[in-house]
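Just passing along the structure, written as structure tokens.
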Amino acid sequence: MTYEEVIFYFVAALVIAGALGVVVAKNIIHSALFLILALMAVAALFILLAAEFLAIVQVMVYGGAVTILILFAMMLTRVRDLPAPRDGAQKPFAALAAIAFGITSTIAVTSTQFPGESDKINVIAFDSVSDALFTVWALPFEIASLVLIVALMGAIILARGEEGE
Amino acid sequence: MIPINNFLVLSSVLFSIGMYGVLARRNAVLILMSVELMLQAVSINFITFAAYLDPENFTGIIFAVFVIVIAAAEVGLALAIVLRLFRNRQTANVDEADLMKW
Amino acid sequence: MEQAWLIPAIPAAAFVVLLIAGPYLPRRGDWLSIAAIGASFVLFFPVLFDLVDAINADHEGFVGGVKSWEWISFPGFEIDLGFFVDEITIVMLVVVSFVALMVQIYSVSYMHGDPRYGWYFAVMSLFAASMLTLVLADNLLLMYAAWEGVGFCSFLLIGFWWEKRSAAEAAKKAFVTTRIGDVGFLIGIIMLWREAGTFNIQEIIHFAENGGYDSTYLTAAVLFLFMGAIGKSGQFPLHVWLPDAMEGPTPVSALIHAATMVVAGVYMVARMLPVFVAADAVALDVVTVLGLVTVLMSATMGLAATDIKRVIAYSTLNSLGFMFVALGSQSVTAAMLYLFVHGFFKSLLFLGAGAVIHATEKQDVNELGGLAGKMPVTTLTFLLGVGAMVGIIPLSGFWAKDEVLTVTDSEQSVAIFALVLISVFITALYMTRLFILTFLFEPKDRHAADHAHEGGPLLTVPLILLAIPTVIGGLVVFDSVGEALGFPGGFGQFVWLEEPEKYKFHADIAVMSSAVAVAGVVTGWIAWQGKAELATRVRNAMSPVATLLSRRYYIDDIYQWGINNIVLGVSTIISWFDRVIVNDTGVDGSAGLSYFAGYEIKFTETGRLPNYALGIAAGVVIIGVLLLVFEVKI
Amino acid sequence: MEYVLLSLIVIPIACAVLFVLVPSHYPQVTRYIALTGGLAMFTLSAVVFFVYEFNGGSGLRYDLQWDWLEDVGFLGDHGISFFLAVDGIAAPLVLLNGIVILAGVFVSWNITHRPKDFFVLLFLLVSGVYGVFISQDLFFFFFWYEVAVLPMYLLIAVWGASSDFGTFTRTKEYGAMKLTMMLVAGSVLIFVGIFATFTEAGLGTFDMTELRAVTYSEDFQKWCFPFFMVGFGVLAGMWPLHTWSPDGHVAAPTAVSMLHAGVLMKLGAFGILRVGIQILPDGAEFWSPVLMTVGVTGALYGATSALTQRDLKYMVGYSSVSHMGFVLMGLASMNTIGVTGSVLQMFAHGVMTALMFTNVGAVYDQAHLRDMTKFGGIARVMPRHAAFFTIAGLSSLGLPGLAGFVAEFHIFVGLFQAGYWWAGAAGILAAALTTTYITRMIARAYFGPLNERWEGLKEMRIGEQAAAALLIAGILFMGLWPAPFVDRITDTVQTIPGIG
Amino acid sequence: MTGTNLDWELLAPEFIIAGWALAVVLLDLFWGRLGKEPLGYVAAIGPLAAAGVSLIWVDDTRNFGGLIDINDYTTLFRVFFGLIGGFACIASARYVRQGLLHPGEYYALILMTVIGATGMAAARELLTAYISLELLSFSLYVLTSYAKFDLRSNEGGLKYMLLGAFSSAFLLYGIGLMYGVTQTTHYDGIGEVLSGYTEDIEFAMYLGLALIIGGLGFKVAAVPFHMYTPDAYEGAPLPVTALISAISKAAAFALMLKLFVQAFIPLIDDWRYFVAGIAVATMALGNLVAIQQSNIKRLLAYSSIGQVGYLLLGIAALSPESASALVLHMVGYVTTNLAAFVAIIVFYNWSGREEIHEFRGLAERAPYLALSLTIALFSLAGMPLFAGFATKFILFQAAAQEDLLWLAGIAAFFSFVSLYYYLVIIREMYLGQPDETTRFPTPWLEYAALTVLVAGVFFVGLYPKPLFDAVEDSTDSIFPPAAEAQSVTQP
């Protein structure tokens, strides 16, 4: 076991723990905190995968924006004042479906010999990513900007209070 | 060297956990968080494939960037809708939003 | 001769004119109808003379088409409309045209003042046209068509006074009952066609005589054919409609239900007799037996009937049975002879009865009586008719009956002969009864009798004209009479099946039958004279039998029961089945099933987001697993 | 001449468009347009029928072929073409349709509830019927087939009548819905059959003349034919899929019943012949005993059911089932005489049943009652009406000289020739049962003492009389002089392979 | 990717729409006097103009950066979606005036959906397709919840959004796996790899395929991924329902068709029966449950699920012939559906009702409206004279050609079932007695739009040749040349 693997297992454990925390925690604030843990751990994974750029994006977007947004939303919806939402009778089926999917996908990926498979993690240069993003992938980039505008517009319109509210 | 399967298995486990969260939890915000977990799994997958198998085109990296962007936007929009739900009926519990059925 | 088709065509044209323009014609066009049938009657003579000339020129017999038109034709199937005249045709033709003429003349007076006077004559014309077509048809299909046509006219005329419920019902009964027989007739026709490939009667006969048919097949075919005759000629077991048919105007009964239409069955069997002969013997046995049953049954029922027309109707059945017995004995001569004279004397009887009804407006013999003095012409002609029916020498009926008895004696077993003889006795008995109750002794209803008087000449002249052939018609059996008229010989020389039948006077049979007939008359006189004490006593003593007879052996009741409970029962069950099982269960049920399925399935749509998500997840997982399980090739 | 065929389809549609354009407060204008259109269609139908040229051979006359969709998708040259032609089978039916629609216009003269909409739908239906009879392209055949079914729902549901029979009720909505659903269910099967045939032929064309020329494998024919048989059979009132018919008639307004029983049901039988038998003769041969059995069952079953019906429309409806049973029997005989008889019966039943519905409608309009036991003696107040009904009944029971006899006789002969003794005998028996219920109806409703309640009834309207006269002319024409019909029909039937 | 051409002018129609969207927002912001209703008509100009502009590239075969095809397929859908967008704006105008806030953004979002949909149809690569799909979806999420104070709108939006995100995750996971086995996201690249696939990659490949089918199944609303549809349809403001039913479905099918044709066709024998099974389940459920509905929007939602089943037939029977048949039917269906919705919107604008029994007596109060709706419903049921018959016939026949006769038979059967519930609506309109007898006023512009759509329904139904030719040209352009050559040899 190389040191990389050790780090991997550690980070992976954090990811799983965080994720499990999100889905099982009774208190929603705890869930949110676990989410931050999981997201940060994933960012660490990205670094392991030599995708530092994405790790940064991850930390900035999720660690910053998304979690803050979620916490804000929870405060706005005063989740504390409400009785803890029970998890319904669907839980066993949920578990069943999730486990079935987990097993299936695990078997699938482990049974697959991906073509050109190597154990080497290739370092992808920062600048080549940015190059690609603004040349080859310029169009999705543009469209993504429209998506963001739509989301922004939608969020504002829907969230803002109207007269008489 | 970390075998590629480590990442892929992790991703599938993470995806399953997220899936469980969506299916089992009742709070809209929690469901949203679970979806985020699933999208994280997707990102891990993309990056893994890009890093191990596709260093020339690294489409996976690009894809992961967009996934993250979209996920963020999604959270923003979804929270706005949840907020609207809460304003209208004082609950964030998706179970109780069953005005329309059958 | 080629213009024989005009004989039915003229009345047919008259019908069309009357139907369209009738209400606008003077006298509603009765003269047109009479003129048409008169023309047909006149046209009969050239046809007859032509035929006689042909026979005299060639004693081998005359066979010839008169005229035929192609009606439907394509490879494998041809139907011609053709007319054909031979000796049998001629006999029937004269009866039909003459009696029809007489009856129509009679009707002018009888039907006078009826609101549907014009309609009556129109239908009478149609009937004449149909009946003449039936007689002249050279193929079975045209015959069938005319056969149905006369049946329909009969329906219309029985139901002429349809405001009476009983008339409407009787018309329906007559039509339906004869149609049942026609089912068999049509099947028989098609069966004969199937092998012979033609509907032409002569060709079928030729085909049958040359052994073209398998004998079992042919037997079945002719028995089906005979079903038609059973229905039309009122043979047991389809005889029930004829007595009820007396609901129609009396002239109609005289024409249709005595002289012409009802004998169509006899005529048809006579035409087709070579085919019957070619079939297994059982075919003719059936004809004989059914004829005999009818004879006995109708004769006994005639004893109990009280309606004057019904009694005559039973006597008609009786006579028809007689003719079939003759046919069953393979004697066209006897049957046609009887048919010939029967047409005259039976229509005479009916018209006489009509005169009585016209005069008294009663038709129950228990309310009549004592009319002899008031209506001498009627009484006398009626008496002649009765005599002919009973078979008193030398009236026409005697000769015909004698022929029948002779052939029965020679062709059939003694038992049958004996039964026929018994029927002669009973016939004499009830005919006597009828005459006594109607015309003699004290009137039961004095008021009616007082008002009775002889009708005008339009009523009496036809009676007299009909009485003439009734008296002398039988003499045609004698060669000398025939030769005097220009024929090759007597009736037997003229109409025969295999070889000319020379008339031989069988003294023993004549004596025997005359004795029986006279015995019947005498017995009847004793029983019903005066206050009919003997008859009443006998009736009281044998009341079950009397009831049986007056209830017509319960056959009508059985049929009615069968119709009500079986036919209509089945119909009700099927209607119920159709509505409840086929429709409400089968059709609506399957619709309901879809509806119910939709109702159940819609509850999968719970309205709860996590359930929806589960659906998506489950769907994906299932597709994934199945794809992996089925498609991965390890 | 080929444009005559085109105009047969175009005229009703053009009339329908005109109706839409005429403002609804001019009902009289609408009526006169309808009359003009009806007369035009009648005339052109008669022209098609009488000017029909005999040439044996391909059996098609006046063909007109316009490509509609070709060389796209799976379609080759002439993939789907607007292909019109008449043959000997279609010619009498075109005439029938002309007669019935003109009569239908006469009868509908007095419709006051939204006459405009009524005529739009009625004419649409007629165009569909014409289209089916003269289309030689399978796609358009089916197209027009559905067009003919389509307006039925509204025609019945809006202008129909609900009935209460004491133990059960039949609303017009129910009748309309059931009728539409069952007919469309039948077309599902036809749909499948068409797909299968087209695929199997592999020609890339729906041209029926070309599809007929293909020799299909026996197995294919065997499994495919039932789709056509049952699918078209529904519209032909094939037992046990007939229940839409009596209930539909009970609900439908007069003109719709006329067209429906008179023409529309023929489409089903025509479809079995045109598509089923002509394209898949071996399949037809194989299935003919089954078709025969259901035909016989239908004939007897319908007649027996009609025996106890008290509602006039039910009686006529069941009699239609019975008579369509004859049609199916004729088809199943698979020989020239039988099939000819079958087509003759389509015509005969068409005019006759239309006449019956004209009469039922006439009396119902006045009395608002159709229960024959409640009538009695109305021949006195409505003598012509009684006479017309009687003529229709007589044709129906097969009285020689009227159309019904000619047709039924051919069918029976065909059956006997084909060796179906039992079927022939059963058919003749069914005809005898017909006598029973027809005479029963006449005796009940028209004869007997006049019920005082009905003294106020008046004779049929002049329009209805005109309609009746027209239909009777049709009955007599075929009954007395069937040769024109038989010649035309056999001209084509003899060329159909598989029909002996 | 050197030598990539980035000819931005190829995207002119999208720029026009995007610019127009901005303009509409600004117009609303700075010139409020214009009013809510005219704004809709102004907004409609954008997509219509874009549709016109896109005709420049007819018969062209180019691509933008290897991401977007500019060929007949794209052109067809650009025009089509542009028209849908235009009609949606026009149909919305009065409705928005009566019941919605923020009209500028509303129209802008509609225009955005057009861009997203076009991108989905035009994409020749999964990332672009995905992003476009999200653009479309996001816009629709917002539009669905646009009636802010309507609980049902809110609820529908929530369900749509969360489930959409959930299913996107599946789709992405599937794309990821597919990317893993092929190292590319280009359709043709994927197709190339899959056509010579080895046992090594089978597992991930099939799982990826399943997930992609699932993800796209959600977008087209196939059973069992359909459950959000009725709620979203019912909740959304009426014009938005129309838009969802039209554009979202059409775009998803455009994407699916192109993806399956170019990428997954080597595996057709593997997925064919799964798609067929989904198709059967979809049409069964959609049509059977639709019978039970009392709300017209919900009924049309289920009916659209049923329609998806028919459309999936074209995917299951994938071939050049069935592809063109699929697109043909889709165009016909969407036109018809829009006509139905426009009629319902007009009715709703006037009466504020949307329950089926409330359509009672419409034929007397607004004959033209009732007639149009009847035509649309009959067309949906597949009755002749109208688009539904011809296109369904061709589609089912195309499936039958590919040995899926049984499936075509089932589809025909359920199309028969669907007739029932359409007739129920027609019955209400023509048989019911209206509560009030006042006539509806005549909204000329809406009626004009309705007339155009109904004319389209007739046109497709009576003379589909031009459209079918265009559709075939377009689908031919997405098939690899080899397949095209093959299709020529076939009759």
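Think of it as A, B, C, D and E in the order they're written, each chain with its own count starting at 1.
Methods note: a contact is a pair of C-beta atoms (placed from the backbone, for glycine too) under 8 Å apart; a residue touches a chain by one contact, two chains touch by 3 or more.
Predicted, not measured: the structure shown is a model, and the values here were computed from it.
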Moving step by step through touching chains, the smallest count that connects chain A to chain D is 2
Chain at maximum distance from chain E, centres defined as averaged CA atoms: C
Chain pair whose interface holds the most contacting C-beta pairs: A-B
Closest to the centroid of all CA atoms, by its own CA mean, is chain D
Would you mind pulling out the distance in Å between where the CA atoms of chain A average out and where those of chain B do? 6
I'd like the Å distance between the centres of chain B and chain C, where a centre is the mean of that chain's Cα atoms. 96
Whole-Å gap between the CA centroids of chain B and chain D: 64
Could you tell me the distance, in whole angstrom, between the mean C-alpha positions of chain D and chain E? 41
Sequence positions of chain C contacting 2 or more other chains: 591, 602, 605, 607, 609-611, 613-614, 617-618, 620, 624, 628
Multi-partner residues in chain A (2 or more other chains touched) are 88, 90, 93-94, 97-98, 101, 104-105, 107-109, 114-116, 132, 137, 140, 144, 147, 150-151, 154, 158
Expected list for chain D, residues touching two or more other chains, is 181
Which chains are in touch, pair by pair? A-B, A-C, A-E, B-C, B-E, C-D, C-E, D-E
Taking the touch rule as given, give the residues of chain A at its contact with chain C in the complex, in rising order. 88, 90, 93-94, 97-98, 100-101, 104-105, 107-108
Across the complex, what residues on chain E touch chain B? 1, 127, 130-131, 134, 138, 141-142, 145, 148-149, 151-152, 154-159, 161-162, 165-166, 168-169, 172-173, 175-177, 179-180, 183-185, 230-231, 234-235, 292, 298
Can you tell me which positions in chain E touch chain C when the two form their complex? 158-159, 162-163, 166-167, 170, 199, 202-203, 206-207, 209-211, 213-214, 217-218, 223-225, 227-228, 230-231, 270-271, 274, 278, 285, 288-292, 417, 420
Quick check: in the complex, which residue numbers of chain B touch chain E? 8, 15, 18, 22, 28, 31-32, 35, 38-39, 41-42, 45-46, 48-49, 53-54, 57, 59-60, 62-63, 66-67, 70, 73-74, 77-78, 81-82, 84-85, 88-89, 94, 97-102
Where on chain B does chain C make contact in their complex? 19, 22-26, 31, 94-95, 97-102
